[in-house]
Structures are given as structure tokens and as C-alpha cells.
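The next block holds one structure in the form of C-alpha cells; read it before the comments.
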Amino acid sequence: MIIVMKSGAAKKDRDEVLKRIRELGYKPHVIHGTTRVVIGAVGDERGKLVLQSLESMHGVENVVPILQPFKLASKEVKREASTVRISDTVTIGGREIIVMAGPCSVESEEQIIETALAVRDAGARMLRGGAYKPRTSPYSFQGLEEEGLQLLSKAREVSGLPFVTEVVNPETVDLVAEYADMLQIGARNAQNFALLKKVGQTGKPVLLKRGMSMTIQEFLMSAEYIMSEGNQAVVLCERGIRTFETATRNTLDLSAIPVLKGKTHLPVIADPSHGTGNYHYVAAMAFAAVAAGADGLMIEVHSDPEHASSDGPQSLKPAKFALMMQKLQLFAEAADRYL
Amino acid sequence: MIIVMKSGAAKKDRDEVLKRIRELGYKPHVIHGTTRVVIGAVGDERGKLVLQSLESMHGVENVVPILQPFKLASKEVKREASTVRISDTVTIGGREIIVMAGPCSVESEEQIIETALAVRDAGARMLRGGAYKPRTSPYSFQGLEEEGLQLLSKAREVSGLPFVTEVVNPETVDLVAEYADMLQIGARNAQNFALLKKVGQTGKPVLLKRGMSMTIQEFLMSAEYIMSEGNQAVVLCERGIRTFETATRNTLDLSAIPVLKGKTHLPVIADPSHGTGNYHYVAAMAFAAVAAGADGLMIEVHSDPEHASSDGPQSLKPAKFALMMQKLQLFAEAADRYL
Amino acid sequence: MIIVMKSGAAKKDRDEVLKRIRELGYKPHVIHGTTRVVIGAVGDERGKLVLQSLESMHGVENVVPILQPFKLASKEVKREASTVRISDTVTIGGREIIVMAGPCSVESEEQIIETALAVRDAGARMLRGGAYKPRTSPYSFQGLEEEGLQLLSKAREVSGLPFVTEVVNPETVDLVAEYADMLQIGARNAQNFALLKKVGQTGKPVLLKRGMSMTIQEFLMSAEYIMSEGNQAVVLCERGIRTFETATRNTLDLSAIPVLKGKTHLPVIADPSHGTGNYHYVAAMAFAAVAAGADGLMIEVHSDPEHASSDGPQSLKPAKFALMMQKLQLFAEAADRYL
Amino acid sequence: MIIVMKSGAAKKDRDEVLKRIRELGYKPHVIHGTTRVVIGAVGDERGKLVLQSLESMHGVENVVPILQPFKLASKEVKREASTVRISDTVTIGGREIIVMAGPCSVESEEQIIETALAVRDAGARMLRGGAYKPRTSPYSFQGLEEEGLQLLSKAREVSGLPFVTEVVNPETVDLVAEYADMLQIGARNAQNFALLKKVGQTGKPVLLKRGMSMTIQEFLMSAEYIMSEGNQAVVLCERGIRTFETATRNTLDLSAIPVLKGKTHLPVIADPSHGTGNYHYVAAMAFAAVAAGADGLMIEVHSDPEHASSDGPQSLKPAKFALMMQKLQLFAEAADRYL
């Protein structure tokens, strides 16, 4: 951590800061600049955010952290890329691009089984579908809950696809974990620390979505929450951030993919359906995500989007999805990967 | 809802849309524009977000909602301003500006009692303090939990100030509600719908903070979640939104105050401590919030910010807080209110 | 345009609005909703933003525009994609992906000629280089000005590559146009309307960069400024928008590419160098841009980035650029394009 | 500047960095941390942004600037607050709060004179009005140009109020300066460096508006451009930044006022009309701006907003403006200022 003193700060103030740095277990290192003094505090900053509190001291202008605050998620701790095993047949983070597809919400047995078969035949390796839905409005459809989990399990049986589904409450995590192959933390719960800890205590792989206004560093801190409870099977998912642009529902931040790949060993996938909010743009952004280095994709597919209980406008119909998957093959090959 | 058809959309497509609008229980109303057809769908849109799914239909360019999706929180439902009663002596939303002050985290009995007395003597009407802390890092201090609640209760006894404290997990809401006078939903949980529903089921007043990237409409939808469970005692708190500006920790959006006052009957307060993240700016923004029409303020006060377990840089020392309260009096009077 | 009346607005207010709509040359169309009246105003909204002023009228809640305000740039006016001819050998907007490469600033004859040859040999079809630099600090290097234009011309002679360079002042547009093959409007000048008009009056192709906080609609309005002066040869360039994320210099909004392709016939390219601000991420985002449908790329290449006068951190060295171009070939083919 | 080396960077890389730091005229200072080496580079960083280029060097993780890059605008250079004299009777930056009011655009002699008298009688000390309008659409009203300047001059004669008006093109700055008492740089031109230099070369006071996506540091760099040309009479104006929130046209960042007051000696005013884009919110935000420490306000007043050529929805009618000014008096007094 670097402590920048105000120009003209008193020696007394500086001495107080040095004393406090030592108290906190760091070794101070003074640099006399042309207009001010800068103090380097040597020691492991991680887990000691308290150092930031030096900003309250007299004569201190600001405090600049140097180390990144995550450990387990960091490439410095583990150089080689991690893979996350979902089932006997599906592993995320290898050369294969894993596509997860399915409806936003599970609505009926027919719907989910039909969709599972359609996306499998088009090349998807996992099924997605919501049983517990975090909806902005209390008056919107909130999901079929446990019945939805049972329908997803049936669809898995019929199609052979493992499934990922969202958890929204620590109280139901164990229940969902009995059914699902992978637990999803949605964007709105990406800093719901009670929920993160709880999924960290299960043995299940976790798909962690980036919060709408989360920096990449905060995103990795949320992964760290899960990992620090003992669960290393975390897959990160870029799904768009909130910006001033309204032409898309969110702004899919594809540069997050190479940035994350530089900082963490965890696999990274992208969700162009939520990222754009409009089915017209999903294929282009799916291709772009794979070109940018994504290890997989999450795509919303619905056989009848006009009648969907949620997120119709961003869902692809099965035929369009199949077409997209064919073209995706070419981009996967260009990236030296395969579908 | 207004459905805008594409320029040159086929009559067949338009007929499909009209049919679907009727199926959903709305009455369509066709307007022939110079370059395209626009369809008004008359009916109560609230609770029927499914209409948005018309965007998936052939020939539809986009769908524009007209009504705001909240009811109970809306001024259309209740014209006169609501007040929220916290205790025999404290009510929020009347002519009195209610200041809630105290440390970010409860750290010890001495700390919280000393601070409670200091802020009371300076004019605060409620005590704030965190027992369960939602921290970005799993390695940061996570709060004293139930012990913290007990210390807050002691401080209440000694000072006479009712207290507000944060809840972070549906599982502990009942426990916190046994101790606290008011439950706080923090910014990171502002769309944790499981938690919102749970606090809606208690009888306790709720302080709902705006999420970092929440629009004002989404903020009111979160209030609606609480209210739709039967709890009308909701106070809204503007605490800064995330923008590109890094000179402050967040950007305190004071214009949210008059905007909210135009849309809802619920009381609105502001938190300049989290809003700026820097104690230097807290007083100026507290004055500004009251001038903009806030019904109260939440201010972080710590007797020894350099040694605080969290949020030191934005905490005022008791003496500075007392000075701020004196000046605040003048601004309250200018706003035809009192402290 | 749709005018939404307040719930309970008086008939008198509504009549005033109807009268005003007619005065402005529109035909009003009243829809009686369940809680309020909505008025459609039929007529060509473009060029009549004055309709927005109805928001000031009594009883009006808000005014919702329906038509997009651009004409010449719109796909509604011209369905087929436009191509922009730069020279006998280079045309943007066809099946060929056009890569423009070179240093941020022209620094010396040796530097620009060496770089021109290196990028040409790696497959670039145009040279880029700044002679007039819009720098955030008045104390930073401001460019070689006319001397820079002369050096770019020499580099064109030697390499055969046409060049694009930035204009920053209406007063020097004619001078720059004498030398350059394409005029660039930088992000900071994207709403400098005096400059837009001036380049619209030259016959030169224009590369228009998206402003840092420009919506896609505003971006197209800036193109409209140029086109409305008679110059249709406009190429749009996505170069990153400003968001809260600080891990990259800007957030490259690749979804802008399919969105723009849906709204305009103009060619669209991307600038991953400014978009990310970090050479580590340039190749990944270049691949992604082509996968998303870009018609070209602008890439900063510098033979000695550590000694660059500007933008060193985001510049590729020639060898890395050549490697990137090889891989880019594969992505271009996957997109059914070529380099 | 602090150069952070990668964990495990080679000694050879570090030596190269040290050598380069010395070449650039700085004195390096090595700190050995627990996991990496950090190098302080001592010397005046301002005007040497080239140091950032060290980020391209092998083994460098990132480069953190310590000094703020502005000089003349900085409080470190001039401790006491500056005042800017506009005319014999008007000075900005003293105890008096200066209110500038008038229409967005000058439309006719009657309009501007009538408005000038009305705002003067209500307590405004300066007239505002646009003769050259930077409009997003080329089809919108672009201003009366020189005729507008003549009408403003007449209104000054009749009312005694000095006026401020916008400049949009370096070519017309001298012409505008012949008429106006103060030159305004609008938000869209806040990084139009050619224009900033040009107004810096006139002797006229300048009102510099913050760009929509400008950080406070960049805002001060734009002031530095003007000042570095010899013109110290700069007044800064916060007018709202672009965020995700759409309930207001922009988000008025009032915390920018205390932040600016801490960094610069220049006067700071606020524009709640553009900041909110809605006349309903103007008064509340005007009061808040004064409470936050603003030295003045810029307010749009139009006698017939429904017929305004531009910005009708955010304009106050004269009677509402007069009412606002009465209440503003109370807030000015609370802030120990006067109107």
C-alpha cells in the first residue's frame, strides 16, 4: 500500500502515520518526492483492508492499494488454468467450448423436455432453466420452485444433459443442490455474501454471474467468498454491465474475458442473451465471446418466445439456435477450440 | 403499453399482434403514422410484464411501457406523504429531519455506548451500527453478529435512541427483528428478493438503501416487494450510485430526492457518508440533501476512525459531527423543517 | 410521438395539448387508457424535436419519441449496406476486412516509414497516425502538425498505403484534407458540431469515432451532421465507452456493432487499442470485433512503445501485430470475410 | 509515480525500468515488498505523462500516478480562493451567490428583453442566452448567431445585466468576445482543445462546463488548457454527468462542488436546469447546490416554455423563478452567503 502525504504535511503527522503502519504489522518505507512525501507500507495487504483507514489521519492525502485483494482466485497462487467438472461427460475450461442453453424459466414438462432435446441436438452440452426466479417486480412470475427442479431432472434424464439452475436464498440452496448439477448465482445476488458462503459450503460447481455494476476486482472477490469456504469449482460468467447505453439491455463487456484470463485461473463464460436483451444480437455476441477467449456460453432458447413467462425478447427459437451453433463451430475452430 | 411496428411490417404481422394483445386481456388501438403503425394496448400493465414479450413477434420494432410498474409505493395510490413511526419519540417523514448516526460496525460496548451518547447530545435521533456486515472481501471483519445486537440494545438503553441495523440473510431476520427498531437493507442486497420478502413479513420499519446501479424505478420496485408482503413502513435511502467518477466512492444522486418525492409517498433520506466515502465531503452533502428535500440523514460517526474496523475514511469524529449538526439546523430552517 | 397525460389530468389540459399538437403540424390521436389518457401525434417527428417541449404543458406526464431522429444514416432510407471508397485499392464496407494500423502520433520520418512498411507487410491496408493530437493535458506532446502530414504523405508514397489522420479544428480541416485520404473525428470531438459540419463540406471520407459517453442514437446523429452537409462517405468507429470499470481504459462496446448494423447502412469498424488501453487485450478484442461483424479495425502499432510520445501502453510492436494478423485471418474466414 | 513490478519479474527487467526512469529525468527508489518490487519515481510528474509508457515494459504490472496533473488550477499553487470579475457590479467567487438566468436560446428581441427584466427583478445578476447552439440534431434550431449577440447586447443595455453566451467554434470566438461579458464552453466542447486554447487567448472570463463523461481531474485539465494560454478568469460549472439513471436527463453531481473546492482555487457554480432536464426538479437542486457550497447558479428561464425553440421542458417560467429566488435567499443565508 502506498500512503501519499499532503504537500506540506507536518513531520508530526508523518511520524504518526509511520507509527500506525508499524502497529498494523507493515514495514514503512519513506520516499521524499519533490512536493510531498510518499510512504510505501510493505507487507501482505490482503485481508487487511483496515489500512485504508489511514486516510482518516492528519496530513494524509490518499492511500493507494498495490496488491489485488483476492488470493485463491488469483493466477499468482495457481498459474495453470483450472477446469471445472460438471458430470462424467462435461468439463468446463478445457479446449471444448461448453454451451449451456434452455429457457429463462421452466414452465412445463413439455416445454423443458422439448427444449432440452432441441438444444442437445444442436450441440449444447448443458441445459439451463430457472426454477426460482429473482424478478424485479413482485407481481411477475416467480418460478415453479421445487416442481421446476423436478421437471429439470426429468429433462436431464431424457436428454442426458446436466443442468444449471439459479439459487436465490440460502435456505433453499441444499434443496436445489440435491437436484442440480451446477448452482447459478445471478447478477442481482453477486454480492449477496450470505448466499455466496452457503454455495461455498456445498460440493457443487457454481456458475457465478457478474453483478450489473461490479468491477472485475469485485467479481473476483465474490468468487473468493465461495472459494474461501472450500469450494474451488467456480465458473465466472460475464453477462453485461449497466452503462448509459439503452440500445441494449446491458453492455456485454467482452474485454472482461481477456482481463479475467490475465488475473485468474478460473474458467470464464459469457451470456449474450442477458448481455444484449435482444435475440437479434445474440449470435453476433456469441461469436465475439468465443473469439475473445470464452470457455463457454449460456444462451436462452425458448420454443415460443412470444408466450414465455419471462425474457421472451432475448430468447432464440430452436431453429435459430441450431443455425447459430453451426456458425459458432467455425469461430471455435478459429480460436483453436471445438464445440 | 405502446407497440411500435416496423416500417413496412406486413398486415398479417399486425393482425397477429392485435390477436395476441387481445389474448393477454388488453384492448388494442391502432394508430396509422406516416411511416409505420403504432398500437396502443389499453389495460392495467402492472403485473403483466409479459406484454414485453411482444417484442419477439414478427414485424414488431419495440414495445414502450407507459405505466410505472409499482402500485403500493406510488403516489397515484396514496397522494399524501406517509410517515413511518420508529418509536414513541421518533417518526420519519414529518417536519422533523431525523438524523441517524453511529459507527459503520459495532466493535465494543465502550465504543457503541460512547458514540451513542455523543451523537444524541449533538442532536441525532437514532443510532446506527452494523452487527452483520456485508463486506466485499471474505477476509475483512464480518461483524459481531448477535453480540453486536446486544451491544446496540445496551446503547439504546443508556442513550434512549432507537437503532437501525442491517440484515443480510433471510435466516437471521427474525433474530435481528427481536432487537432492532428498524431493519436496514443494504445497497448490495437491494435486489435480494428473498430478503426483501422476509423483511416484508416482519412488522418492523425497514430502511431500504438504493442499490449501486439501481434506477429509481427499480428502487421503487424493491420497496414494492416489501410492501406487497404487508409491511408499509418503508423508508428509502439514497446512498450514491456507481458512475465513472472516482473522486468520490459513489456519486450521491441528490436529484433522486425530488424525483422520488414526485413518484412516491414514502419518506426519503440520504446517506452522505457512503455517498461520498470521504469525511471531508460529508457535511456539504448533508446540507445539500436537506436542501433538496430529504426527510433525514444517515451519518457515520466514529470516535477513532483511524482504528475503525471498516469505513474509517468516511466517518466523522464526534466533534466534527456536532459542528455539522449546528450548521445543519440552519439549512433545516431554510427548508421549513427542524432538527 | 406519444404524449402521456397525468392520471386525472383535466379535460381542459388535454384540449390544450391537442390544440398545440395540431399547431405543430401533427395529427393527434387520443387513446383512453384505464388510468390515464395517451395521445399519439402522427407526423414526421424528425427535425421537430420541439415536440418535446409539450412536456412543459399542464397535465402532461411525459413525451415518448417513436421515430429515430436520423434520416440519411438510416437503413429505412437506404436498405443496402454502403461502401466507402478510400483509394483505388481500398474500399471499406465490402467483404474485405480493412485494417488501419500505425502509431498514435507521428514522431519522425524514420518512425512512420518503418511502421508503414511493417504494418503493410503484415496485411494492413491503411496507415494511421496523428499529426494534430487532442491531448487531455496542455503540457503533453501536441503533435507535429503540418510536418506530421508531410511525413505521413512520404510514408504513403513509400508503402503505397492510404492514410487516415485526425482533424481537431475547423480552421485546419482544409489543410489536412489536402494531404490525407481520410479524415478522422476523434471521440472528444464527436459532438463538436462546427467540426462535423466542416468535414461534411469536404469531399473526403470521414472516420467518425464514437464519443466516450455517446449513445448509439447520438452517434448516428453526429454522422447525420456530416451527411446533411452533403458528404455520404462516413465510416463509424466503436472505440469504447466510459463506464465504472477501471480494469480497461474504456469499455469496448462490441454489441454496438450488430446494433449499428441493424439501424444504419454505413460501415462500422472497431478500435480495440483505445477501447482497452492495454496491448495485452488488443488481439482478443480485434478477433471479437470481427466475429461481431466489424468491417475493419484500427490498431495502434509502435516499434518502440516504451519511448512513444503518446499511448505507449496500448500499442503493439510490429512482430506482435503480424502474429495477430495471422490469427485474424482465421476469424475473418469464419465470418465469411477476408483480410 | 509508482511503478508496480509483476510478482516474480526478472532482475534484468527491473534494471531496464530503473534505467528508463533515470533517462526520463526521475530518481528511482526501490521498495522490496513481500511478493513484488515497487519503484517510486521521484520528480515532477506533471507534463510528463510519458512516464505512463513504462507500462509497456517487460515485467511491469502497472503504473500509478501520484501527483495531480494540473498546476495553475491547483490549490497547491494558489491557496486562497480566486474571484472572477465579470463587470463593475458582478464578481463570482465572493460571498455573493451569483445567479445567471435566461432562456436556452435567444429567439427574439421581445423574448430576451422581457426575460432579462424579469430575471433581474427576481434577483439574477447575469443574463444567459444562446446565440450559437450546439444541437444534437442538424435539423434542430441552431441559434440566431450574430443577430442573437446583438439582441443580448440590447437586453444588457436595458436591464443592466452582463451576459454569458456560448462559443462553439474557434473561428467565431473573437466575434462573440466583442459582444459578451463572459464566454461559455458547453459540455460537448469541454475537451475541444482547439476551442479551449482560443478562449484562453482572449481576455474574457470563461464559464467552463463539465463534460458529460468527464472526471473531475479531466475537468480541471480543461481549465488548465485555458489558464496555460494566459487567461486565469475561469469559472467551473457542474451541469450533470451521464449515468445509467434515466429519470433525469443527467445526474447532477453535487459532490463535485466540495471535491473541486478541495482541489482548486477557481469558483464553482452549478446548472440544475441541464443537470436535471426537468423544471420540476430545478428549485430543489438549486437549493442543494448552494448548500453544497456553489458560488453561483445558472438557471434556464423562459416566459413560454411550451413554445421554446430548445430545452423547454427544463425551463422555469418567470413567476416560478421569482419564487425560487425568494427561498434561495434562505439557503444562501444558511450557507453564510447572500444573493
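We call the chains A, B, C and D, going by the order they appear; numbering starts again at 1 in every chain.
Everything below uses one rule, namely that contacts are C-beta pairs under 8 Å (C-beta built on N, C-alpha and C of every residue); 3 or more make two chains touch, one makes a residue touch a chain.
Predicted, not measured: the structure shown is a model, and the values here were computed from it.
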Pair with more cross-chain C-beta pairs in contact, given B-C and C-D: C-D
Of all other chains, the one whose Cα centre sits farthest from subunit D: A
Computed distance of Cα centres, subunit C from subunit B, in Å: 38
Between subunit D and subunit B, distance of the C-alpha-averaged centres to the nearest whole Å: 31
Distance from the mean Cα position of subunit D to that of subunit C, given in whole angstrom: 26
Multi-partner residues of subunit C (at least 2 other chains): 213, 242-244, 246
Of all residues in subunit D, those that touch subunit A in their complex: 2, 4, 7, 29, 31-36, 38, 40, 42-44, 64, 66-67, 76, 242-244, 246
Partner subunit D, residues of subunit C touching it in the complex: 20, 46-50, 52-57, 69, 134-141, 168-171, 188-189, 191-195, 197, 211-213, 218, 221, 224-225, 228-229, 242, 278-279, 305-310, 312-313, 315
Partner subunit A, residues of subunit C touching it in the complex: 213, 215-217, 241, 243-248, 251-259, 262, 275-276, 280-281, 284-285, 287-293, 327, 330-331, 333-335
